[in-house]
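Common to both upcoming complexes is chain A, partnered first by chain B, then by chain C.
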Partner chain A sequence: MKKSFWKNNAVQSLLASLICILLGLLIGYIVLLCINPAGASGAIMAVIKNFMNYSRASLQLKNFGATLVKTAPLLMCALSVLFAYKAGLFNIGAAGQYTVGICASLYAALAWHWSWIACMLFAILVGALWGTIPGLLKAYCNVNVVISGIMLNWIGLYSTNMILTKVKETTSPYTFHLATENPSAILPTLGLEKLFSGNDKVTLAIPLSILLAIAISVILEKTRFGYELKATGGNPNAAKYAGMAEKRNTILTLAIAGALAGLGAALMYLTDFEQWQCTTSSVPGMGFSGIAATFLGGLNPIGTIFASYFIQHITSGGAFVDKTMYCSQISDLISSLIIYLCGFVLFLKTSMNSIIARNEEKRAAAAKAAAQAEGGDR
Partner chain B sequence: MDNPYVIEMLHITKRFPGIIANDDITLQLRRGEIHALLGENGAGKSTLMSVLFGMYQPEEGEIRKDGKKVAINNPNDANDLGIGMVHQHFKLVECFSVLDNIIMGVEPNRFGFLQKKEAREKVLALSEKYGLRVDPDALIEDITVGMQQRTEILKMLYRENEILIFDEPTAVLTPQEIDELMQIMKNLAAEGKSILFISHKLAEIMAVADRCTVLRKGKYIGTVETKNTTMEELSAMMVGRNVNFHVEKKPAEPGEVILDIEHMTVASKVHKNNAVKDVSLKVRAGEIVCLAGIDGNGQTEFVYGLTGLEPLVSGKVTLLGQDITRASIRYRSTHGMSHIPEDRHKHGLVLDYTLEDNIVLERYFEPEFTNSMGFLRRDNIRSYAERLIDEYDIRSGQGPITIARSMSGGNQQKAIIAREIDKNPELLVAVQPTRGLDVGAIEGVHRQLVAQRDAGKAVLLVSLELDEVMDVPDRILVMYEGEIVGELDPKQTTQEELGLYMAGAKRDEVKA
Partner chain C sequence: MLLLVQYTLIFASVLLLVALGGCFAEHSGVINLGLEGIMVIGALGGALMMRYAPAGIPAFALILLVLLCAIGFGLLYSSLLAVAAINFKADQTIVGTALNMLGTAAATVIVKAINTAANPDDVSSTIQYVNQKKAFIINIGSFQFNWFMVIAVIALIIAYVTLYKTKFGLRMMACGEHPQAAASVGINVLKMRWAGVLISGVYGGLGGICYILAGVSEWKFENGVAGFGFLALAVMIFGQWKPQRIALAALLFGLFRALSNVYTGFDLLAALNIPGTVYNMMPYIVSLVVLAFTSKSSRAPKAEGIPYDKSMR
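Here is the complex of A and B:
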């Protein structure tokens, strides 16, 4: 019984993820010790505690809400990466699809004054189109999706900067506030703000993203489309042999992945939580963190929900590090260290398996030796 | 007391989920002998060899080298003990050269710089000495399977291994290459190397092996001297009954034309010329036509063109009176064509899928397996897979939910055959369907091919195996350098005549 428990795939994934998290925190702690030993434990606790750093319950709830607001887009990016990964495609372009999603949702909201639902659908559409490009290149010219994805990330970034300049404040590089310019574009809260002591950034985005994670899980595990997708990912030659339309599936997969990332952007920017800075010179990290969340979640859509939350939790927690002891970049450093280690989940899982196997053998051998010794005595 | 055994595997037991792959097996290898290992598909031969090579740890039993107990925890340990292995499915780096593959892991270096020249000389000397022809600079992906195998052998010799394990080395070779390999093995044994050799081909075992150990369903049956036994006796030991090597069949009654190929030309991927040149042929209902030839004469490309995996340069394909020259693979597959592919790992299976998912690989979209909402009907998939597993005797650890990768090579093949025949096609394209199968299973597959024929279906068999070519079909077409050079009647012709056609020494004008 016990043996089968440890050999269970889900248990192993969970364990590997937890070990990665602990390892990340440990290394983060060591780095902090090296920089300034006096504040290290305080700082790492601050990161872990995140919103619990506040003593008032209402403030805690409000900040818990803020972490959730940022979890929704990350979860969407993670689902985007995961969906493509199952079909054997590494969608590093999620970051770019997310970026053009920002562009679409904000431009529709601020320039055309569309309502939130229209803005959201537009972001989905543009994200999907952006995903289709590497899909077409892969299907018809066999261009590696990682290369075309990275290039498109930059094209997406600068196009976004350029287009959103039309809807930015004259005195700052930031786009207009939705609340003042077009409140109808803000996602409905569905009364959720009451649960988070009035944090009205907590919106439909959160339940919607969780529902989508469940939907993706169902699509992958239970449907014909998921079956085809995973077959293509597992062995493209066999998929072709079996008459699956591999080209169409590649394009469709990346279009859906792009749609998910684009929706993620809408779920973030249509809350008016943040404005876009039109001088941004790096692709938003959301898409890249999505890769980490995918692996930390054990390549499972449901696992990804928790992984995304965790990553946002420590990223937000980084803000609470005592800035008098550490420079301001330290929070990003610590969270990126932890995110980096999340990539080791699969590796850890394999090593875990071989350790379990070895232990079992040892036990079996010992038992046998004992039995023999007994037999010999008699 | 001198110990004649270089390797002794004593009372080895190895379990996998749902199955005991090796159950108290003892195998003793004498110094300088060729020792064959025989058993049905899934009997545990590859597992036993993997245990010796350190890839699996047995739950029970011990291994002795020169009488001393040794621990082999991984392939490196095995290598240190002088044990080398050529796997059933080769383990070479495709985009590396032959030389690089041979020296990988034991690269000679001085101050960290590669000393390739030294290595090349050693490899060339070895290849000269044992007649292992290779081109050290060719890339693995460009060379024939035979040369890939010689690379694997050189890899072992380069490491100065004394104990050589060959897991079904002949399954992928042409008859000529097999003869060469047999000679090489004899030379190696004469040099004092000890060889363990897995094969399903009894004639080979009788020809090269000194002794033969037989396994059945994970259990040890016995070890015999080949000079004191017969092929019949061996096969009876192995499957527990007498195997009929000859295919029983009534005379064919060919009916209407099912497949009509006119002037088919297919481009080659490896060279500039076309691989298939202006081939025309017909296959009728109720007959088995065999496309024979030495490997690499365009059979692979011909099948790709026929099944839609590669486009045609020119020509026309008609199936059941319908022009399918440009039809999709799915269309062909749902309109009467089944295809048992040449390479089960490349095309035939999604190795990380379960057995049941592989069984519905070409039918998952049918209403029986997918409902109108696009959801898979798991229960139906499961019961369908269970029926095929039962009917076609597909053996595995956990039945329908076994991951295909963990199945034995022969049972993977049986799963594909079951899937293709059970589609009940009008035309069955079977490319080397019995590759890697045990004699009992081969008999079964041949019977199924004949049953298809007798049910009025057309069968196009592509085979490299001379016995199969002579025994199974009603008509033989010989392919040489992309052209059909002869049509033979298996009842009239001899293996010698067939050989002349296959070697290009004889040719007729053939009208389709």
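Here is the complex of A and C:
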């Protein structure tokens, strides 16, 4: 018998994600209605439209590019969370690994005047080291990775503020501009800016992050390491019993996850799109949005590409809401609602399957009855 | 020195309250990673009450109203975790994380909306409570006594008695250790877990309002509570899920947190010339070290984090 279309796991994941998005937007809309009913529809449309809020095509393209620039690091953070989650580790420390990645790439670029590739590799290395710490603590001391990750997020934030203060402008809390201080550290655009009406912040970062998503997908699906990783995630004791080095895998997984998040930071800050503010008092949200993208993407690297774009799309869209009535945090609210709803995905899938099973039973019973009726006629 | 004691006690009260909340949830079998979000929402409830309370209200009534409001908000917010984790068997880590993000985002949106409605030019996410705060504080010489220190001690006693001396507490702990066995003797596991999570909401909400009243007299809700919910979880693990040990652990962590506020007052520490940022990092570093040494022989409830499945019996 042909496998039902609705039984396909990918279809179900997509459907569940779409339900989460719709419900998230709906609840967000209700919140807007409660705050100020007059502008609610306009505001939710502004969030959904993002760069389409501009009427001129060139401006639209330029701002589409800006959304993509921020999608690349978000995708890297999401891949970091995803990769660790496959091994049963919840890498909430991605935010901290991202932060130390910022610190490494900017310090190497501004204090040592390294070229972009060296800065990027340094960010990867530091991110990996930052990820190794919870890995070691988990493997040898059984420390919960969520708690050690959060602690390291804050330690990373304070260290970054302290270190980057050495390369900041004297009159403001922001670090130097790469363009004036060290243009060789800016990522090459590969001519991509022509596609986005001259937005020169659109760089190598975007194709690179998509390629890495595909690479992660291959590693997870086609390699022995990926298989061991998923086995360890499924049942650590069984994996250990089957001769897999579960301690080594735990450490390696978190190191790779850290490297991905660190690279994400380099892909963001080496475009000179933003400078680091040395008085930042909370951990950058990029890592946490990465969690949203991971689960919205149905825990699939390719799905994560689209989910990352969607999350960044509504986050950027938040800037367009009418500031006299609402604030841009509306989009944070919507994306956190979406993560909350993603917790129900398992339940959604189970109920989808039980509906399918019930329908099939009914159909089978009907077919049987029809067959009997036919038999009676003869 | 007196200032250090004062800050240590108040931060220890926060950590104690929130850690006890986490303790209740985990003993019932649910890992409450959303404590941070619950703290923010509890703080929001209390702060809103302080803002809208009539001016001439007696101090005692104000304290009571603020506490009730923080408790109510925390309770309601924790039910979001309960319904997802208990009834829908959702992944408790995801839901907890979502609640943390949602707490800060929702509080920011709400406070900003209130501020902007009152004054269109005001886009801050700050609530001020300079005068209202005075109700919570009694000056004894140069020592600022805060009512929350008493509340924390009462909460500790209540937690200890509930968990170890009542039928309810012992049954709840059974649900965290072996829910199927508990169910087989007629305990309603789902109800017990709901109770555990809701109690953690009450404690978390109290901890939240206590945190924003600890040092400052206005609060910017965009900042959340700076990882305090997770520090409290570290306190709980260090305290091996036992209320009396949690209290001692909270004092230790409170001391390190207090140092970052008052280190300049000590000649010795000031002479070391360590940047202030290092003191800010201290509580987090200490908790990592402490966790590294205490997590190995963990006394965590056996069934925590696993949704209750009737058919596993």
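In this section, the second predicted complex is superposed on the first by the 327 of 378 C-alpha atoms of A that agree within 3 Å, B and C clash if a C-alpha of one lies under 4 Å from a C-alpha of the other, contacts with A are read in each partner's own complex, and residues count from 1 in each chain.
Just so it is clear, a contact is a pair of C-beta atoms (placed from the backbone, for glycine too) under 8 Å apart; a residue touches a chain by one contact, two chains touch by 3 or more.
For clarity, every value in this text was computed on a predicted model and none was experimentally measured.
Trainee: State whether A:Ala231 touches chain B only (first), chain C only (second), both chains, or neither.
Mentor: Touch status of A:Ala231: first partner only.
Trainee: Regarding the shared-chain residue A:Glu169, is it in contact with chain B (first), chain C (second), both, or neither?
Mentor: A:Glu169 contacts neither chain B nor chain C.
Trainee: Should A:Thr223 be classified as contacting the first partner (chain B), the second (chain C), both, or neither?
Mentor: first
Trainee: Considering only touches as defined above, state whether A:Asp322 meets chain B (first), chain C (second), both or neither.
Mentor: After superposing on A, A:Asp322 lies clear of both chain B and chain C.
Trainee: Have a look at where A:Leu152 lands relative to chain B and chain C in the superposition and call it first, second, both or neither.
Mentor: second
Trainee: When both complexes are superposed, which of chain B and chain C contacts more residues belonging to chain A?
Mentor: After superposing on chain A, more of chain A is contacted by C.
Trainee: A:Asn144 in the overlay: touching chain B, chain C, both, or neither? Say first, second, both or neither.
Mentor: Only chain C; A:Asn144 stays clear of chain B.
Trainee: Identify the residues of chain A that lie in both the chain B contact region and the chain C contact region.
Mentor: none
Trainee: Report the residues of chain C in contact with chain A in the complex, numbered from low to high.
Mentor: Counting only chain C, the residues touching chain A are 33, 80, 84-85, 88-91, 93-95, 97-99, 101-102, 104-106, 108-110, 112-113, 116-117, 120, 123, 125, 222-224, 226-227, 230-231, 233-234, 237, 275, 277-278, 280-281, 284-285, 287-288, 291-293, 295-296, 298.
Trainee: Under the definition above, what is the set of chain A residues touching chain C in their complex?
Mentor: 31, 35-36, 90, 92, 137, 141-144, 146-148, 150-155, 158-159, 161-162, 281-282, 288, 291-292, 295, 323-327, 329-330, 332-333, 335-337, 339-340, 342-344, 346-347
Trainee: Can you name the residues of chain B that touch chain A in the complex?
Mentor: 57, 59-60, 307, 309, 328-334, 339, 341, 346-353, 357, 361-362, 364-365, 370, 374-376
Trainee: Please name which positions on chain A make contact with chain B in the complex.
Mentor: Touch residues, chain A against chain B: 222-225, 227-228, 230-231, 234-235, 237-245, 357-358, 361, 364, 368.
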